[in-house]
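Take a look at this one; I'll ask things after.
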Amino acid sequence: MFITGGTFDKEYNELNGNLYFKETHLFEMLHLGRSRLDLSIETLMMKDSLDFIEEDRAIIAKACNLSKSSKILITHGTDTMTITAEYLMQQCKDKTIVLTGAMVPYKFGSSDGLFNLGSALAFVQVLSPGVYIVMNGKVFEAGKVKKNTEKGEFEAII
Amino acid sequence: MFITGGTFDKEYNELNGNLYFKETHLFEMLHLGRSRLDLSIETLMMKDSLDFIEEDRAIIAKACNLSKSSKILITHGTDTMTITAEYLMQQCKDKTIVLTGAMVPYKFGSSDGLFNLGSALAFVQVLSPGVYIVMNGKVFEAGKVKKNTEKGEFEAII
Amino acid sequence: MFITGGTFDKEYNELNGNLYFKETHLFEMLHLGRSRLDLSIETLMMKDSLDFIEEDRAIIAKACNLSKSSKILITHGTDTMTITAEYLMQQCKDKTIVLTGAMVPYKFGSSDGLFNLGSALAFVQVLSPGVYIVMNGKVFEAGKVKKNTEKGEFEAII
Amino acid sequence: MFITGGTFDKEYNELNGNLYFKETHLFEMLHLGRSRLDLSIETLMMKDSLDFIEEDRAIIAKACNLSKSSKILITHGTDTMTITAEYLMQQCKDKTIVLTGAMVPYKFGSSDGLFNLGSALAFVQVLSPGVYIVMNGKVFEAGKVKKNTEKGEFEAII
């Protein structure tokens, strides 16, 4: 698993009322889910995906290619998740790569993060090589999905 | 989806301090997870799986066989989940049936329910026909899994 | 009780990642706290207290003076809570007025809101007429308290 | 503050589905509430108040009398809270003693515990010597209150 930030990991700064990144909640979430999967977890960056530059995507692609694992889960902000997915589709071959995220920070009680983490970890175990986005309980192939920013959900491109 | 009760749906009765079943939290959990899957949900019973009698399992098997869907998710208490899975393996052919549950009630804050629901819904979409148990982020085939009651987790039978 | 907004009632907008006001959570919080107090609740405004203008404080003072109750609780953003308290001290006599708020939105799981609401409702019942701020489990008299913005807590002015 | 157990501190045992006591959540709750009160906290016992014997109440009374503080908060199961309050009224003079508890365990998300803790800490600071029960946002004098077990709330005895 590679962690890149995104809404998943945002926290509320009670001193100034802003949202910010402190550290990932992935370990806490996996503990809560009683996950017994054998995972290797690395934080690549802690950024809002709107702030991603080309270099960030290159770092992610490189990490995927260098990884000994053939099954990779990436947590990622939802705003540019489809862009990174298409980029990885070009750069990384022969691996099952799943990107997931959250619409609401895990720390905010009503988050979809734990649900998405559960489904993403399941899909990555069984899907054939390729790059996928897992959101809303569904799996989408990279290049065939867009975020509907009005509804706040992901949709297949027909 | 068929709901049969289990820890998933237990609530705390503040008048007498006991745990009991009121109504399922599945709809609330799917809403929280921002699921956009097209699901048909039916409550078959609301029981602790330790209280299941043969008749209950017959009801579940019948519901699976009568269902028009070839992909079925069943929420079930963890204590006798493996027994029901083996029973369904005998009674239901040509369908992908996934059983899942929770170690801690959804209503109790620290529940694994949302994580399990996410992974179970993912696995049921992609697995080939058969009966499976999804717990702890893992998928197990019916008949090849047991609940380790000391650790509170599911393990493959070697 | 008068509701004026503040961190108490902020929510996370999952479409754009901003914090905003939708509606008050006071009723939900009082329900959660099993409050059986006979309360009359009115929303005067839904604003971040940094955005308060003199007119807003005049509205609050007028509402306090017009109220038939001699015991008034006001939920208020913490950033300018001390300013409003001093203003009310000038404008409203012969009433016990307590201002409280939260450092973290109620909706964000780790909020101090429910604790503050409990202590504020307790203090307002027993304190003699005057204007007070209740935060951090403590009560402060208007004019003798400041918000320590570095620590995120309220302190008595010596 | 003296901790005696009660619903406040019950946890869910995921191995056998029973409720039990592990350790108090008081420190976590005070942290969540951003309490800045100078408190001394001692756990006297961890029991369901239905299991209290005369000796338990003697221990509590002795602890109150030996305490250097004149203001004491006791967390207590709600089922026999009124009995302990009346007992303390006989045994402890010249101190402000407040008993509070919760209808739902703190760990179960929908608990009234944080609200009650906030109001109890407020009342104990300002009430004159005597023994009181703080529940449902209200304060009751020992001997003049009963638990309505059907409604799950405390009421004044008229």
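Read from first to last, the chains carry the letters A, B, C and D; within each, the first residue is number 1.
Simple rule for what comes next: a contact is a pair of C-beta atoms (placed from the backbone, for glycine too) under 8 Å apart; a residue touches a chain by one contact, two chains touch by 3 or more.
Predicted model only: the values in this text are computed from it and were never measured.
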Least hop count linking chain A to chain D through chains in contact: 2
From chain C, the most remote chain by mean C-alpha position: B
Equivalent of A-C within the choices B-D, C-D or A-B, defined by over half of its residue contact pairs recurring: B-D
Chain C and chain D, separation of their C-alpha mean positions in angstrom: 26
Chain centre separation in whole Å, for chain C relative to chain B (CA means): 44
Centroid distance [mean C-alpha coordinates] between chain D and chain B, Å: 38
Residues within chain B bordering two or more other chains: 103, 110, 152
Touch-based graph of the chains, sorted into line, ring, star, complete or other: ring
Touch list for chain C against partner chain D, complex: 29-30, 32-37, 103, 110-112, 114-123, 125-127, 134-139, 152-154
Interfacial residue positions of chain D with respect to chain B in the complex: 7, 10, 12, 14-15, 17, 19, 48, 103-105, 107-110, 149-150, 152
